[in-house]
Amino acid sequence: MDVELVVQDLEKRFGGVRAVDDLSFAVRGNELVGLIGPNGSGKTTTIDTICGLLRPSGGRISFQGRRVDHLPPYRRAEMGLGRTFQVTRVFRRMSVLQNLMVPAMATGETDRSRTETRAEEILEMLTLDHLGSENADSLSGGQRKLLELGRVLMLDPDLIFLDEPFAGVHPRLRGQIHSYIRRVHANGKAFVIVSHDMDSIFELCQRVIVMNEGRKIADGDPEAVRSEKAVIDAYLGEASEREQLEHVGSGEGPDA
Amino acid sequence: MKARHFPVRKILFFSAIVLLGALLPLAVSSSYWLHVLAMAYFYGLVAATWSFLDGYAGQFSFGNIALVMIAGYTSGLLGEYTGLPLLLRIVAGIAMSGLVGLVIGALCLRFKGAYLSLFTIAFAEAVRLIINTEHRFTRGPCGLRVDGFFDTTSQVPYYYLMFGILVVSIFVMYRMLRSKWGLFFRAIREDEDAASALGVNVVRYKITAFVVTSMFCGVAGVFYAHFNRMLAPNFGQITTMGLIIGMAVIGGVENLVAAAMGGVLLQFGLEGLRDLGAWRLVVFGALLMIVLRFARNGLLAPLYRKLMGEEL
Amino acid sequence: MYGADYLIAQAANGLVVGCLYALMAVGLTLIFSVLKVINFAHGEFYMVGGYTAYYMVTVLGGLHPLLGIFFAMIVLLGLGSLFEVAFLRPIHLGAVNRPAEYAILITFGLSFFLQNLVLSLAGPFPHRSPSFMSGGLTVGPVTISADRLIAAGLALVLMIALMLFIRATWTGKAMRAVSQDRDAAAVSGINPFKMNNIAFGIGASLAGASGALIAPIFAVVPDVGVLPSLRSFVIVVLGGMGSVKGALIGGVAIGLVESLGAALIPDPSRALAYRELYGLVIFVLVLLFRPQGLFGEKQ
């Protein structure tokens, strides 16, 4: 299967606000896509609609050749659509390990010891291995961000949406997460990464989609996108401004 | 969770409790106190169902006592109007509660949080009201006579029956909560959307939680009915539900065993202080508020955790 | 079937009790809008109000019945603010775990406590306050006792006073600000804790007032508050959680539905008992089809 996700004329309105407006794109089975755009441009809403948290106001969404618009979120998760939340939503009064076990058990994993090995491996990569039996409540903001990432990896989806995975995460760890994403990607998974951290986006992604005011304004090769005038006007701005943006992006707390 | 050790302490603890319960009738010869203990086991079971639904699945319901009543009256009324054998009536009572639980569960998909508690409190009052009003059919406030299990006036068999029901029910609920169900219940309690995005069928497990709880309320209800041999709508009033919730909270809502022990001990204590009349309920209410304010996890749950070295 | 006269009489009656229902519900909705807490002890505030008026008027002072209402309001104002400080403030200070569950439990615990306290102190037997005024008013087919008219009139006066208070005074506006956005209000110099306290006190005293107003009409017993509190839940859900206007209109609507609905059931004892069930049906329908209520904001 080559094309995994096809989004056609997607629209999501909140009252008078068109948060997502006539958006179309497709993600192939093994792509690493960056989704960027200014605050409020509709990136999170796009993810929410694709993964089933929000009902679209119009358009169609297909995944692996099937319409998924009317499936509940858990069915989409079972089919292989995973996502993290920009504002972290860990299961606070459950242990870190239990947090990871939920998606694994939900998708019918029965081999407990294999699941636990995988969970431990992921915790180690995220430098959370010493916290496995702690309540998620007691994690710091950045650690929760990492736990969210670990949780969606445990779901083992084919296409993973990451909403601001690097916000509030230490730069050194960011590099580690990059390489883990690459590794998972090399195993045949696709990613759509939303981030204001331009370095990460341009370093990781083979393709970048830019949104502004709910619409797609650019889509393609990172270098080409970077130099497109519309994108510069809407988002990237001058080089110096870009620096500032990155600063904001990486300094942003997980609950921002 | 890593190396799954053999839970020695837990097995010792539960064996001790079962042994204690089994030997108690040897020490307590008064049939009054045996009756009181059997009743305390009933409260322990209902408090545990409340812990199951609220403490684990995060659904705050006032409906447990109504489900107890529904099961009891189903079996009692079938006995009154049909010749159905006792065993079948018991099954029917439990099934009826499960069915009503299914409907409440389905409604609760729409009613979240406080709305659910508002709905269930009104539902519980409605059940009581109907039983009260349709007295030509239910015998109303005068009470419905129900046949007993055993052909004896001795309380000993009833004591063991209620104790056995409590132990078995707690064990079954405990196993459910230790399985992936318990994991999903808690995930739903913490964050429905996140659970759903991670593949948990929220609708199914929420309804499951309601049906399971309701059926165990039904178990408590039918056995209460045939043990007490009398049902009256007054038992289904909100005060009774207040006792049950209070027992679970004082024991520790987020721990099934602690909640059940809270039910047993407090009901026993309340009976022991019978001479104080309504004042003991005043004390109970005050204790409930103080525990809520200053010991949010209850009095027994932290002890239990210390003893076992882990939560449920 | 019933004639038109009967229906008109029932409607008039429904209108009158509806005002009393509304008064209690307005207190509940005020508390909810500011504190975001559903007060499960509201029925017991109502009950304590009724008892306070009864004892003030008959046993202690031999006060004029109308003064009894005033005292009931003062007592409940005090009780409400004390409870708020001791048990609800920690919610807004972030000092309790699982605040939503705590809020239900603690107010429910208070209701359990108060009911049994009054039962212990006053016993289970009904008490009836002396009436405000004997006689009644007859217009065409409708006769309404003076007590009911006075009670409904005072309820209306209190509700109008509350609305003016919220609209026109600084404190009222500050309360509204807190109800809309706690943090923003706090930043602009309003003390949200004080507003919580005032709102809870006023809400409790309105419940107390409605209990006191009804005391001469229906006798008080320790669990007299249970059904009125359920009715108040129905009313605020119907009117929209947090909407004072909604509670007023919802209260009158429920009053009408109950009295006219009674005409649907021929057997009078059933009709009386099942009055309460109409509320439940409305409750479910509203939650299913218009969860924000008539005047609530869509979430």
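Each chain gets a letter, A, B and C, in the order it is written, and its residues are counted from 1.
Here is the rule we go by: a contact is a pair of C-beta atoms (placed from the backbone, for glycine too) under 8 Å apart; a residue touches a chain by one contact, two chains touch by 3 or more.
Here the structure is a predicted model, which means the values were calculated and not measured.
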Pairwise touch network: line, ring, star, complete, or other: line
Reference chain A; chain at largest CA-centroid distance: C
Centroid distance [mean C-alpha coordinates] between chain B and chain A, Å: 43
Approximate Å spacing (C-alpha centroids) for the pair chain A, chain C: 49
Whole-Å gap separating chain B and chain C, where each centre is the average of the chain's CA atoms: 32
Residue numbers on chain B that touch chain A, as the complex places them: 1-2, 180, 183-184, 186-187, 189-191, 193-203, 254
Residues of chain A that touch chain B when the two form their complex: 51-53, 72-74, 77-78, 82-83, 85, 89-94, 97-98, 101-103, 105-107, 116, 132-133, 151-152, 155
Residues on chain B engaged by chain C in the complex (per definition of touch): 54, 60, 107, 110-111, 113-115, 117-119, 121-123, 125-126, 129-130, 132-133, 237-239, 242, 245-246, 249, 253, 277-279, 281-282, 284-286, 288-289, 292-293, 296-297
Residues of chain C defined as touching chain B within the complex: 38, 40, 86-87, 90, 96-98, 100-106, 108-117, 119-120, 223, 226-227, 230, 233-234, 237, 269-270, 273-274, 276-277, 279-280, 283-284, 287-288, 291
